[in-house]
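Multiple structures follow.
Note that chain A is present in both complexes that follow, paired respectively with chain B and with chain C.
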Partner chain A sequence: MPTMTLTQTLVMGLLQCVAVLILIFVMVPLLTFAERKVIGYIQVRLGATRTAGGLVGITGALNRGMWAMGKLPVLSILRGLPVFIADILKLILKEDIIPAKAERSVFTLAPIISVMAAFGVFSAIAFFPGVLFTFPAKFPIVGGLPFMGFISDVNVGVLYILGLSSVGVYGIVLGAWASNSKYPLLGGLRSAAQIISYEVPLTLSLLTPVVLAGSLNFKDLSIRLSTGADMHWLGAIPLFVGFLVYTTCGFAETNRTPFDLPEAETELVAGFHTEYSGMKFGFFYLAEYTNMIVVSCFASAFFLGGYYLLPFGLQRLIPASVPFLGQPSILFFFLKVFAILFLFLWVRATLPRYRYDQLMDVGWKWLIPLTLVNLFVAGLIRYAF
Partner chain B sequence: MSFLRTLIPFDIIGGLTVTGRYFGKVFFSANRKKIRANLAHFTQEYPEVPVKLQPRFRGRLTLLKDEQGEIKCVCCLACEKICPTQVITIEKGKKEGRKMPFPVRYDFEMERCIFCEFCVESCGFDSIILNHQFELAGYNREDFSLGMDGLGHNMFEPSPVGRHSVAED
Partner chain C sequence: MEHLLETIGRNMFAIFGVMALCGAAFMVAAKSAVHSVLGFLFTMLCVSGCFLALDAEFIGMAQILVYAGGIVVLFLFVVMLVELSKFKEKGVFQLQSRYAVVAVLVGAAAFVAAFKNVIFGASSPEALILRPELAKGLDVAQQNAQAVSRGLFSDYLLPFEILSVILLVALVGAVVLAKTERV
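Right, the complex of A and B next:
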């Protein structure tokens, strides 16, 4: 790698941040669209099929023409896609109301904290362990420089991510308190209790891959686990258990069903964001979906083999000399991310919400002992072989 | 045993299997090129495609005629009496060559009808039905008063408003 000047470093860093931001802002709306569709299909409906009305009625017209010809409209699955434009427009154009008795500064700060915590995590996530592409030499400042698959290569990336992602709960609690209203407060308290109790098994389940691979660096950890470098094949068992526990805690951490107690519609109106509207609510929304992507990236990298095809260290079955399947690829990584995101939606359409005491039961009585045993087994495997 | 049952979430896996199966069914049938009769999903793409209604759907009140084109109603006034909102008004009359009484006037004011189908149930001569029309909105009150005469808007024909809601019975 050529040594870079200060300007080049800054510009490259900026470019990579922008690339990640674009990724988030593309994936989140697509995720909301996918949510409509997947949940619709599971409930034997079609989900969003048209965006009708005034300016954006193009799909409506398209629908009508195709139906008249006796055919299903082209790319039938994507018919409702413009809905997400309408969604964004609605969020941006809506009036931003701050309740009269609310604590103004904290009320404004809360969604920002949530979003910053969710976005900041991406700085240590590696989407690809190496160079994605190199800029051609004719570009002014960045010519000849490699574009890496990650923003920064932090040695203790896992710790950094865990620390930053638990800051997100401050956004929820502060927003709930600042709203000065009963329902948000209850939602915020629940959220605090829930996230604190699930942070423990989440971290413990993440320790399993850390112990097995002996690294805290995001991409090193992922590569070592998937290629099975100095990991016995028995390590797949604690990894699998760890994966199940991690996904469960991931659901709880991102406040998704079946653990969406902070925003239980039936009891708490909308939970912590009851008083929020407009783009402030949009930020909470964005943070939730970004957190889903973060959790998926983690599960993909640490348990499902990351940049390699096969999960749980089974990649050693395919020798590295096999052209495509044996090599790391950003495609495999995103394949797994999308699989986990689909799991999020699938679970949401299947499982009802837990009761509060059941939630605490699952967290403290089952998941924490399970992860401790799992961690012990992983340590044994690491020590014995 | 119960320890294992709690530890391994069989029920969750079972639930996920059920929903996953439905997802697959709808996913693979919803995006065919051709419209097929038996799709896996229940969504009806209404404005573009005529709606398939259940046979017992209760639409607008309609007078029936028999094979000779005679009005079947014999003016027993059962429907007028039972109607909870009293929107049926019948005037009895005579007609040449017909033994039974004949309705000279059969007025129906749809604006107050609650589509309860009591009238149809009470009619012993099967001379009225509720048809399968649900697009019944109108622009003025006169659109809702139906009588035996009136061009294209009477008690015998379906209302001309919606084109999509009359299923072929």
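Right, the complex of A and C next:
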């Protein structure tokens, strides 16, 4: 890799940030569409169907032809896709109301903190451990430079991501407090208690891969775990338990069902964002879905094999000489990310909400002891082999 | 452009330091307790930036994880729950400001006296000093977290464990105090 001047580093960093932003702004609306459709089909409904591709043009002719034959049009599965454009327009154009008794500055700051914490995490996430493509020499500043699959290669990337995502709770708590209203405050308190409680097993379950592979660098850790370098094959057992605990805690951290008590609509109207409207609400929404993507990236990289095909360090079964399956690929990474995002939707469509005392019981009485035992087993495996 | 970036990069510690001081000043001066907590949060994040500017990435991240992610959230929790406006009307906080100024001045003087060599003296040539046999196979300047862990779990194991016992004692004490008050 050629050494870069500071200007080149800055421009390259900005370009990568823009790429990640585009990724987020493409994935989040698609995720909301997928949520409508997937949950719809699971509950034997059709989901969003009202906006179609139109009845004119080539697709229109196809649709009308199918309809005339008495069959469901081919494109019906994509019907409702344009809804997300309407969604975004609605969020941006809606009147932005700040309640009269709200604390104005904190009320505005809260969604910003949420979104910044959620987006900032991506600077340490490696989507691919190497060069994605090289800029042609004719580009002005960045010509001839490689475009890496990660923004920065942080030595303590895992700690950075954990730290920054723990800052995200301020957005929820401050937004709840600044609304100066009963329901948001209750939702915010619940949320803070829940996130602080579940942060403990979440961090402990992430320590299992760290202990097994001996690194805190996101990309390094992921590669070591999936190729199984310096790791005994028994390590797959604590990794699997860690994966289960991590995904459970990930659901709680992102306030998704069955842990969505902070926004339990039957009890709290909408929880901490009851008083928010317009794009301020949009930011909370964006942060929640971005956090889902972050949790999926983590689970994909540390437990499901990351850039390699097989999860839990089983990649050693496939020798590196196999052309496609034995090599790291960004496709494998995103395949697993999408699989876990689907799991999020699946669980939301299937499970009812926990009661509050059950939530705390699961966190403190089951998950924390389980992760501690798991961590001990991982340490034993690391020490013995 | 290149020159400007280089200057900024060299003065990162000063930039974060000044920002941390601004946050601290805001924390002291803010009228509302929640605003104070926000100022404190900003200060903590900037202090972690200071650590990062000194290439101490592990301590910087631990700073965010422990203070910004844990302790300040608990502060915020308490501040939100306790109705502080009642205390403000009684003027509880204003009574203490005279003593507070004196305490701060004495504390600052003691701090400067104790650390004047560290602050104004020449800086250490190495970021972290580790015994050579411990630092084997390790690029100390780059792999900060590994270096800290090797030092912590070999040379400084006993002080480290004693510190954790002290924290445990504080925790148990807090539980005991809270229990007796409730009964």
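In this section, the second predicted complex is superposed on the first by the 365 of 385 C-alpha atoms of A that agree within 3 Å, B and C clash if a C-alpha of one lies under 4 Å from a C-alpha of the other, contacts with A are read in each partner's own complex, and residues count from 1 in each chain.
Throughout what follows, a residue touches a chain if its C-beta (ideal position, glycine included) is under 8 Å from a C-beta of that chain, and two chains touch if they have at least 3 such contacts.
The structure presented is a predicted model; accordingly, all values stated were derived computationally and were not measured.
Chemist: Should the superposition on chain A be reported as showing a clash between chain B and chain C, or a fit?
Modeler: Once chain A is superposed (C-alpha atoms), there is room for both chain B and chain C without a clash.
Chemist: Regarding the shared-chain residue A:S197, is it in contact with chain B (first), chain C (second), both, or neither?
Modeler: Touch status of A:S197: no partner.
Chemist: With the two structures laid over each other on chain A, which partner does A:S166 touch: chain B (first), chain C (second), both, or neither?
Modeler: The second partner, chain C, only.
Chemist: I'd like to know which partner A:N255 touches here: chain B for first, chain C for second, both or neither.
Modeler: After superposition on chain A, A:N255 lies in contact with neither partner.
Chemist: If you stack the two complexes on chain A, which partner ends up touching A:W346: first (chain B), second (chain C), both, or neither?
Modeler: After superposing on A, A:W346 lies in contact with chain B but is clear of chain C.
Chemist: Contacts for A:L370 in the overlay, against chain B (first) and chain C (second): which applies, first, second, both or neither?
Modeler: first
Chemist: So, does A:S222 touch the first partner chain B, the second partner chain C, both, or neither?
Modeler: It touches nothing on chain B or chain C.
Chemist: Let me test your reading of the model: by the given contact rule, A:Q16 touches which partner, first (chain B), second (chain C), both or neither?
Modeler: neither
Chemist: Take the Cα centre of chain A as the vertex and report the angle out to the centres of chain B and chain C, nearest 10 degrees.
Modeler: 140
Chemist: Touch check for A:R45: first (chain B), second (chain C), both, or neither?
Modeler: first
Chemist: Superposed on chain A, how close does chain B come to chain C by Cα atoms? Whole Å, please.
Modeler: When the complexes share the chain A frame, the smallest chain B-chain C C-alpha distance is 28 Å.
Chemist: Tell me, which parts of chain A touch chain C in their complex?
Modeler: Listed in rising order, the residues are 5-7, 10, 103, 105-106, 109, 154-156, 159-160, 162-164, 166-167, 169-170, 173-174, 177, 185, 188-189, 192, 196, 199, 216.
Chemist: Name, in rising order, each residue of chain C that touches chain A in their complex.
Modeler: Going through chain C, the ones touching chain A are 1-2, 5-6, 9, 32, 34-35, 38, 41, 45, 57-58, 61-62, 64-65, 68-70, 73-74, 76-77, 80-81, 142-145.
Chemist: Of all residues in chain A, which touch chain B in the complex?
Modeler: Interface residues on the chain A side: 38, 40-46, 49, 63-64, 67-68, 70-72, 76-77, 346-347, 349-351, 366, 370.
Chemist: If you look only at chain B, which of its residues touch chain A in the complex?
Modeler: Touch list, chain B to chain A: 6-7, 12, 15-16, 18-20, 22-23, 25-27, 30-35, 40-43, 45, 47-49.
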